[in-house]
Each structure stands twice: as C-alpha cells, then as structure tokens.
Amino acid sequence: MELTAKVQQILSFYESDNPGTKTNLARILMSGKLAGTGKMVILPVDQGFEHGPARSFAPNPAAYDPTYHYKMAIDAGLNAYAAPLGMLENGAATFAGAIPTILKVNSCNSLAGSRDQAVTGSVRDALRLGCSAIGFTIYPGSDQAFDMMEEIREMSLEAKSYGLAVVMWSYPRGPKLSKDGETAIDVTAYAAHMAALLGAHIIKVKPPTSFIEQDEAKKVYEGCKIPVATLAQRIAHIKECCFAGRRLVVFSGGAAKSDADILTEIRGIKDGGGDGAIIGRNTFQRPREEALKLLSDIISVYQGK
Amino acid sequence: MELTAKVQQILSFYESDNPGTKTNLARILMSGKLAGTGKMVILPVDQGFEHGPARSFAPNPAAYDPTYHYKMAIDAGLNAYAAPLGMLENGAATFAGAIPTILKVNSCNSLAGSRDQAVTGSVRDALRLGCSAIGFTIYPGSDQAFDMMEEIREMSLEAKSYGLAVVMWSYPRGPKLSKDGETAIDVTAYAAHMAALLGAHIIKVKPPTSFIEQDEAKKVYEGCKIPVATLAQRIAHIKECCFAGRRLVVFSGGAAKSDADILTEIRGIKDGGGDGAIIGRNTFQRPREEALKLLSDIISVYQGK
Amino acid sequence: MELTAKVQQILSFYESDNPGTKTNLARILMSGKLAGTGKMVILPVDQGFEHGPARSFAPNPAAYDPTYHYKMAIDAGLNAYAAPLGMLENGAATFAGAIPTILKVNSCNSLAGSRDQAVTGSVRDALRLGCSAIGFTIYPGSDQAFDMMEEIREMSLEAKSYGLAVVMWSYPRGPKLSKDGETAIDVTAYAAHMAALLGAHIIKVKPPTSFIEQDEAKKVYEGCKIPVATLAQRIAHIKECCFAGRRLVVFSGGAAKSDADILTEIRGIKDGGGDGAIIGRNTFQRPREEALKLLSDIISVYQGK
Amino acid sequence: MELTAKVQQILSFYESDNPGTKTNLARILMSGKLAGTGKMVILPVDQGFEHGPARSFAPNPAAYDPTYHYKMAIDAGLNAYAAPLGMLENGAATFAGAIPTILKVNSCNSLAGSRDQAVTGSVRDALRLGCSAIGFTIYPGSDQAFDMMEEIREMSLEAKSYGLAVVMWSYPRGPKLSKDGETAIDVTAYAAHMAALLGAHIIKVKPPTSFIEQDEAKKVYEGCKIPVATLAQRIAHIKECCFAGRRLVVFSGGAAKSDADILTEIRGIKDGGGDGAIIGRNTFQRPREEALKLLSDIISVYQGK
Amino acid sequence: MELTAKVQQILSFYESDNPGTKTNLARILMSGKLAGTGKMVILPVDQGFEHGPARSFAPNPAAYDPTYHYKMAIDAGLNAYAAPLGMLENGAATFAGAIPTILKVNSCNSLAGSRDQAVTGSVRDALRLGCSAIGFTIYPGSDQAFDMMEEIREMSLEAKSYGLAVVMWSYPRGPKLSKDGETAIDVTAYAAHMAALLGAHIIKVKPPTSFIEQDEAKKVYEGCKIPVATLAQRIAHIKECCFAGRRLVVFSGGAAKSDADILTEIRGIKDGGGDGAIIGRNTFQRPREEALKLLSDIISVYQGK
C-alpha cells in the first residue's frame, strides 16, 4: 500500500531517523481503518501491572486472555497494540504481522510506590517479538525523573539503532507538583516538550485542563495571551509545544466515563489537531461488541465522519 | 517419548519462545510419574539458605547431603529439582540427565533482612550445570521490588536467549501490605499476574486465603462476584489471572502440617486447575520412606487416582 | 577555505587532540561571519528543557519549530548551534553541513530539582547527527558535582576518540556557595579552570561579578593585587585561569536585558580577550529580524567594527 | 606425584568443576608435609590490611618483608599461602611454582568501618600471579552481606571459568547478631553452609562455641539433640552442615594464645573431622624458628602423630 | 643509558610486573639529575583542582601556563611531572619524550566536600598522552575509602596490563581520625602499607609526626620500642612498613615554609631512606629562578652533596 501524502509529510519530520525506524512509523500509520490519515488509535493494555488483574479484567473476563486484546485491536481496525512483555509474548507468533505492536518496557504497580517504574522489557525483547516500537513512561517532576530519562536515553538510542520507533508516556508527578498540577496545561505542555527533546517519535500525554500550575508560566500564558479555554485550544497548544506540530502526539482517555463524554473529548482532541487516542480501560472493561462499537465511533470522529 | 496432546497444548501457549526453551519446558513436563499429564511436582531445597542447615536438615540428617535430594526427586518420580548453586553442583555430574534441574539464582537468609534477596547464581552457571531453567524470587510490594524486577528482566532475557526456561517465585511483602495481605486472594492474584507479565514460564505462589487486602480490589471482587470461598475457586481465579490459564502455576505447601492437610490442599489445588506443587520441607524433613509415600500420594491426586 | 594564522595558533593549543577533533574545532572557528577571527558566536537552545516550552517560545511562536533555530543560526552567520537531542534531530538532515552543531548531552528541568542534570544524549547520537561537538554542564560545588565530572570524563574520552570536540558549561552552585558566590570572580575562575582541567576544548561560564566568595581566595586576590574592577579585567583573569589563554572561553548573556546592555557586556568580554558569546534567549524570544539585527551588532563588536 | 585415594575422593565431591579447578584443588592438597592426606595448613597474611603494619609485624620485624612469608610457608611444608595483592606480587616470580598461592581479593581495615570489605584484587590478578585460588570474605548478617554475596557470585563464576578454586572466609556479624552470636554454633554452621551454597570449594570459619544465638535454631538443636558440647562435636556438626562433609572446611586460630591451647584446639578440629587450619598471627608474630616449631607440631597433629 | 645497579635492584622488587611497567619505572628512575641514584624528585601540579587557579598561580602568574611546568620539570632535571588531564594535554605533544609524565586520574576540589575525589582521567588518556604512570589518591579512613580502593583496583589492573606504573597518594582522613591523627606515625604507616597492599609501585605520603593516634597501635609502638622520635626514624619506619623497603616511597612537602625548613625536612627524609620528594607549591609559587635554585638544592641533598 502506497504511502499517502499525509504520511509522507509526517515521516519527513523524522528526517534524522534511519529507514528502519521510518518503516516502523509507517507501519503504525498505515495500519487499520485510519491507515494513511495520519491519525492513530492505539490499544494499550498495561492495566494489569498498574492495578492488578481482577480490577482490570474481572468486569469483562474474556479480557484475562492476552489473545483477546490482539483480536480486539485487529478487528477494530486499530493502528497498534501496546502491552508489557508477558502480554505480547502471548500472541506475538499467532498474530505475527497482523498488527503493529509496541512493547511497554517499563511498568509501575500499585503494590509498591508510584513515583518510579521498573524496567521490565528490553529492546532485544521488542526485536525478537517483531514489535514496531518500544514504549516508555517518564514521570517529569518526580525524584526518579532523571534516572528514568537516563534509562530511556540508553534504550532509545539502542531502539533507534535497530530501526524501532520510540513511544513515550509523559506523566508529570512529584513533590513540587499539586494534584491539579499533574494535568495542568503548562505542566502537560512541559512534559510533552521534554518527551520530544528526549527524542520520542510518538508522545502520549493526558488531555490537559486549563489550570496553570507554575507562577512563572502563568505570567507567560497570560502575557502572551495563549488561548487555553477549550480542549481544542489546549490540544493545539500541546501540539505546538511538540516542535510546532512536527511530532506525533496522542492522548489517553483516563478513567472510565460515559461514551458521550469520551466522544466529546475525542472531538476536542481532533479539533485541536491531536494525532489520536490511546484508549485502554474504556474498551477492554466492557463486552467485546460494545467495545468494537465505541472504537468504531472514535475512529469515525478521526475520519471526520 | 512422544509429547502428549496435553503437553503440546501447553507448549502452544509459549508461542514466543525459541525451540530451546520449549525443549526445556517439555523436559520438565515429560519427566517423572506425571510425565505427559501437564501436572508437575517439583522438589525445592533452598531452606538451607533461608533458615540455616540445622533447622532445615537436622530432623532428617541424611538430607544434609545434596545427593540425597537428587535421589529423592528421581526415586519419587518428580518433574524437577530446584536448588541454589552449591546444592546443584553437588550431584549435577552424577545425576546428569536423570532429572531436570532448576538453578535458584537468588536467595534470602534469616541472618540478614528479609525484603530483598542476593543474586547468588548466574545463567552461565545454569548452563554449565545442565539445568533446564533458572528460578528467581520477587517480592512484589517491597522497597526492593523494582530492583528485583530489573534483575530478573536481564537474567530472563539472557536465559531465554540460551533456551532455558524461567520459573518465578512471587511472594508479596512490604510496607503497604498487612501480614494477612501477603496471602490474600487479591494480592496473590496480583503477584502471580505480575510474574506472568514479567515473562515467567512457570509461576509459583502460595495457596491464597479468601482475605482481600486492597479496598479498591474489594469493590471489584464483590461487584463482579468473583467466587473465592473455596480453595479450588481461588486456585481457579489465580489461573485465570495468569493469562486465562495460559501460564503454568504451581503452589507451595508452606509450613509443615499433617499429611491429611497437605493432601486436602493438593486436592483443592488440583480441583481449581492448578498445575502442580512445589513441596520441600514436608518431604526432606521426614524419613525417606515417609517422604516417598507422601509424594506418591500427592502424585496420585494429580493423576486423578 | 584556508585556516587563518589566528585559527592555526588556536589549534596549536590543542596539541594533544587527534586530527578529527582539530578538524571539528576548525569547523566551528571557520564558520559564519567570524570565520577565521578566532571569535565565536554560538546559538544555544536548551531553554525548553530548563523552563518549559511556553516560557521559552511563546514570546516568539515561530521559535517553537526547531528548524527556526537552524535557519536563524545560519542566516545570522553564527559559528555553531547547540541544542538537546530532539531539537537537533529536527533539522539535522535538512541543514546537514550548513552549520556546525553541538549536541547538548545533559539537561536540567525546573519541574525537578536543579542541582543535577540528566544525561539525555550520547556520543553516538552526536556522531549519527553529524555534530562537531558534545556539550555538557557541570555544577561545581553541588553534591552531584563529582558524579557529573565522572560522567563527562567518560563521555569526553569517547567523544575525543571519535574526533569530536567537547564544550563544557561550568555553572557553580551548591550548599557551600552563596547566591552571589555563584557568579563571583573567584568562583567563576575556579569553575572555568576545572572545566579546563577536565579536558574541555571550549569553556562556557557566566560573566563574573567583582564579588569574591571564598575567604582564602580573597587573601590572594588582594595580596596579589589581581585587578577585577572592570568586566574586561575579570574576563582577562578568567582567560588567564584557563591555561594562560590557551583554552577557548565563551560567555553567556544570562537573563534578558536591553540591547544596549548586551552590547556593552559583549564589548567588555571582547576587551578582556574573551573568545565569544553563547546567546540564546535574547535572540529567539524576539522577532526574527530584531534577532538578526542584534546578532549582527554583536558580531560587529567581535569584528572590531 | 600420584594422587592418593583420599585426595581422589575429595576431588570427586567437586564433580561439577572443570579439570582446571580440580587441578588447582589437587595442587593445594598435594603440597607440603600433609600432601595426600586430605588435610591442609594454610598461611594467611592479611593482618596488615586489618590491623596495620606495626601491629602485625613489629613483634617480628623480619615479617615486614613479604618474601619472609613465602619462605616460611615453603620451609614449614604448608599447603598454600594466602595474601592480598601487593603481598603476593612481592615474591610471585621468585617463588613461582614453589607453593600454591591464594589471592585474597577483598579486604577490610580498622581505619574505616568493619562491616564491609573493599574488593582489592581481581581474578585476572590471580591468573597473572599464578595463583591456585581466590579468597573472599563474606559477612553474613551485615547490611552489606547481599552486596558481598553478589560480588563473590561474579568473581567466583569468573574464577571457576579459568580453572581457579574459590576459598571463602565466612564471618558472621551485623545488627541482628550479638557479640557471642558471631561465634555461636548455630550461626557458624549457618555461615559455613551459606558459603557452601554460594559455591565455595574451601570454607573458612572460626572454631564455634557451644552458644546458640537464634531462638528458632535453639529449638532444633535441643529437639534433635545435636551434640555441641565439645569442640570435636561442633566441628563435626560444621562439616555435616557443609554438604555432609563433601566440602573442605578449615578453621582459623583467632587471637594469639599459648601453644598448648593452639594444639589442643587443633586436636579438637582434627577429631571432629575438620580439614585443616588457617593460621597467621600465631606464626609470623614470633621468631622464625619458633614458628616453624609450632607449624611442625600442628602438622604432626594432622598426621596423627 | 644503561641501568645502574641501584635501579636494577629496585626493579627486581617489582618482579611480578611485566616488562612494560618495568620500562616505565626505569624511565622515571633514569631521568633527570638523579638518574640512576634510585632517588626521585617529582613535580606535581594539581593545586588548581584543589584550591583553584588564583590561589595556586597568582603568586607567580607565569605558572598559569601548563607549559611552564613542563619546562620547569625538565630544566630542573626532575624525574617526572604529574598533573590532571587538561594540564598534561597542554604540552604532551610539545614535550613528548622530554620527561616522564604521570596522569593524576582523580581529583578533589574545595568548592565541594573533601572526603572523596572524582575520577577525572582514564588509563586510555594516560596511554594516548604518552604517560609513564597514572596517579591516584585514596583517603584511608573516609566513608568513601572502600569505593576509592575499588576504583583504583580496576584502574590499576588496567594500567598494569598496558605496561603503565601506578603511583598512589595515600592521605588518611575521616570520622574515626583526629586532625593530628591524619599525620600520625601509626596512621601514616598504615596508609602507606595499604597503598603497597593495593599494588602501588610508588607510594606518596606526608612526612609523619611522632604522634600516635590509635590506642591499639600505641601499645605496639611502645611495647616493641619502635623509634619514632626523629623524622629520619619515622621515614625509616614508613619504608619498613612498605614491604621492608621493597616499595618506592616519596614524601610531599605540605604547606609552604622556609627554604631552610624544606631542606632540613628533605635531609631527614634522605637520612631515613626515603626515595624522594614530591614538591609542588614550594616551586611554582615562586619565581622560576628561585624555584630552580630550591630544586637544585633539594637534588643536591639526594645526591649526598
């Protein structure tokens, strides 16, 4: 399938990457129902690590089986499926080539503290499992943020040298941030920008609120009259903060909410120029048919239908 | 000996592993009296590290000799024998090929603290001793849990690359867990799930109680009506939490108890679909003939006799 | 373009470096409007890491785009452009060979603490992006200073072995230093000297004040009558402290100030024998034409016009 | 010289070691006056590190010279000479092949704390100096015990791969142990057992007292009626705790005492089946002739004279 | 130039070193006015790191230029010149082969704490700069002492494998030592002995006082009547503590003092059998002619004139 002009333009922004990495970015952008549009919907299943298996999968027990998620992502026509090591190992051969995969290489868990993540996968694991990218979370603002940045520096260099893409989850938290500050527009923009500076190809942040956390930033947002009242405005600001739109940025859905609310949020993201959604809990915690319906609706938004 | 359909099915769940690792899993599953059934009984002898030699072996002094355990495991028709470096070195040549062995590569001891383990063996040791797998303990919930996960990430990648299997002991403990919480059903299921996510081939946890530790989990267990009243139900839940039964899970016997109690527990494990038992103290702390009798009875349960 | 006598003299001071490193130093010294004069003006854009994207670029939104800075540095006739990984990746191919680049390989951020920096780039990144040098910040006086020195020791050895040059930002701070002490003449001279001892080819410090922080140093400055009253005198002292002028030393502009103040400072630096300016915020936070005008004026000072 | 049946039996216990390591164990067991008996007397000279040079050697100034100890060990007909790097370097060429040597690769000192040791030698040093073994101290029970175990794990694997033997000094200490507990029979047996589990070929502990430190152990020692009243009984228990006698265990003399006391202790060790003595201060802190006399008397005990 | 009998004897003490290291030791011993005598005078210039540039060089501004020190060491007929990385890089090509050099590979500074040093140079740096040796400081007694010992263990092994010599500065300090204890005879002897045990070829300590710090040591010094009243006696004791004189030991001059005092101290060192002087501040902080005069006088003492 020939690359669309849109995808060619996006790839042109990744001018310093080798053809291997461009190929893997193209694989993600040319898969599923949104193939060629430059938009992406990605299924992440790392809830088991974060909240445990029952809290993640008991509402829809079929989801205990890792192959369920492969099938869901394929049948819904998504762009990629992201999960930790064991989840991907369960299906990587069966579904080889059926959908691009992203190995989430670090993970937190709620039995231990929440301001660091353990590195639980390797670039070599991603290669042997046929993945297109590695995924890594940083916690800007936490005491471990510098260590996490140094970990991804090494893994990112290694991944890129093998032609893999790098997806970065950037979730601010830490002693200098208030709870509201974790999703504040200034902090989210800062977190997304740092992921871009660290060399991420695809950046994942939470949809920001209009709250501004840092006093120094407040002066600038007000002084320069940066519009942040609507979600679309905030998304547009985030995109601008990622190298003037030259980096792909996708947004998570966060906690479960009504379908109407989800679709409203998705429309805001699309209107702001966001590149897509990473949506997990809201799909696998409901029956398969309902999930397929929601994903279809989300995709329709991105298709401009 | 040709693989049974049951073992072929189990191996199919390990679709991402190389033939070397599949061969070693097959060796374990095709050894001893339970060969081909998909069930396992494994003899672990790491008590010496944990409690010291006298507390471990004085009740049955013949057990001071490492070769005693090799012979016991072979004569009882077990699937594998697991022990730390020095124990395996004492017999690995004499009993070469007689029974699959698992090198336990980290160890705690009661002279020092109990929330971490020292790495005391290497993948290269496992290879030079002809082992089929490495064994590694993680303590989900402890302050060292992230470090332990990163250690096993590296050793697991190395082991798999050489065609070894990986057995993970997952024992929750730490500042956020109550004493009862360490064996709670939600915490045990979480611990087993994390071992699966970390890429373990065989997972070892303690038989869980019906206690639920975490408030967030309690809502789900009650809301989704997950049955955890009987041991068989809890075992079935643990198996489901390990990729919908697509990972082998074995259970330890814990502290010494009566044979009747042990066999009742084993029956519960079997009824719940557990894949077998790791049983140490209850065998080597009694006379050889009595141990052989108990192991024979346990195996009979798994044989459905 | 043949090397000028001035540049040949400067290169002679780097007698222990291999021809590769000399070539890269020559590239920097032979680029732009100051080519061949031995003076340099370098554009650094690491503000995004340090203060976040909005505080850095909102005053001049065109600067959100990394290619803006490449063009600015080229059009203004600067000697080099220095930035973190993601910034350089965005333009390294488009502007390949158009201007020497310096990969800033460690970075701080204001969401976390400010007495260490995360290593965020690698020598191999610098090589694959066609850079002429790596840039590294040390914080002499901080609790992390020894760790930072050991990091740059390793990266510097690696960089030099591949023929790259090493630029060192030396910014004193820490528990033993007062706020005024961070820019004191004795402390700045000490910081510059340590960068020279660590093997830096180009040293970057802030223009020092006439304040003297350390009692032991005060005795010497007064006893030996070291003149530090004027900026030119202080710059001359800094240069002397960098191996009697045998190392290149450039000075930053610090916080935004009036153009007149900037040019006065630049004249003082030039009169003291400073080798140039690293100037960031004062260029990219104003409209492009104004920035080009200011840079042209600065260059004129160094050209002795 | 042909191996005796006794030495052949001992080597058979090291069935997992390569011929290189067996050769080095054989060299130690086939050297000196006790050659072929399976018993060993080893001269260790690491007092200089532990207590400083004057406290170690001033009582017999000839001992300041490292070659003194080589000659002493050779002339007394000992099995091996163990010392830190600098001591061995002073004589390794002159006395090449004259006596097996053991490079002590970690060391403590009384200027700093006493619950860890610095790694001060390498396996490659042992190889280039023609040593037969490396020696390593662990402090079971100390906060650093896990780190020390991980250090020896790596060095031991490397040493064995090159055909060297591994001697482990196991000295319990730490916050959970009383002063008396450091030489208690239960703790000493535990410490010796852990060295065996860690893969040591030769284990060195202090002669234990009949004190029992741990409550849990006390129950077993009393319940199982383990005899520990006499030194010979305690030595026999230690040997049993080292894989039922399948590991070589030697005992140190501890602080200086009368010759009669030393010989009484040696007899107890021999009667209990101990494999020999490591004796340092009591030899080199007295005139050479007196030391030779004492060593001769000790050897006579082991010869059964 | 043929080796003298004296130098041949000294080299014989380094029997375990390869010919490369012996060659470099011979280079140092066969250079300058003391060539062949077995005595050495070495110029160290690491004051800039320790006290900053102005405090080091302002009293004699010509000394800001690193080439000044090369010339001084050569013109004064010294045995070697020791300095940190940047200092050596400034002259290593110009003065290639003119005098043996020692790369000081770790450094402290007075802006940060003083109980550790940063590793600031590498063995590979020493090789590429044509050095004969690396120099390393340990602080016996400090909390970092074990780490420093492990650093020099690795660097020393690497240096020796390439035929370099190892010079060790051993400066006691730390929480268990009084200020007077840092130069006490027992502590200095202990520090020198540990450097020897760590495998140093040349040991550098401060001239000790007759104070005795440690109670345990006091008993031995008094009991064994070790003479420490005169400097010559103390030097002789230090030499004895360095393998009965089989290691080269040189002494620093410490703080600036009168020439007469310096020469008296040098005579004491020579009378005690010390192998030479490392003298820095007292030379480069005075005019060149005066420095040459002082060095000439010092050399005359060692020549027995």
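Order as written gives the chain letters A, B, C, D and E; numbering starts at 1 within each chain.
The criterion applied here is as follows: contacts are C-beta pairs under 8 Å (C-beta built on N, C-alpha and C of every residue); 3 or more make two chains touch, one makes a residue touch a chain.
Bear in mind the structure is a predicted one, so any value in this text is a computation, not a measurement.
Two copies of one chain, subunit D and subunit E, form a contact in which under half of the residue numbers belong to both partners. Chains compared, subunit B against subunit D: the Cα-based superposition rotates one onto the other by 70 degrees, nearest 5.
Distance between chain centres (mean CA atoms), subunit A to subunit E: 58 Å. Mean C-alpha position of subunit A lies 36 Å from that of subunit C. Shared interface positions of subunit D, i.e. residues touching 2 or more other chains, are not present. Taken as a contact graph, with one node per protein chain and an edge wherever two chains touch, the assembly forms a single closed ring in which every chain touches exactly two others. Ring order of the chains (start at subunit A, first neighbour subunit B): A, B, D, E, C.
Taken in their complex, subunit E has these residues touching subunit C: 48-49, 51-55, 57-59, 61, 64-66, 68, 84-94, 107, 109-112, 116-122, 124-125, 128-129.
The part of subunit E that touches subunit D in the complex is made up of residues 13-17, 140-143, 145-147, 149-150, 153-154, 157, 161, 172, 174, 176-177, 186-187, 189-191, 193-194, 196-200, 214, 216-217, 220-221, 224, 226, 237, 240-241, 243-244, 246-247.
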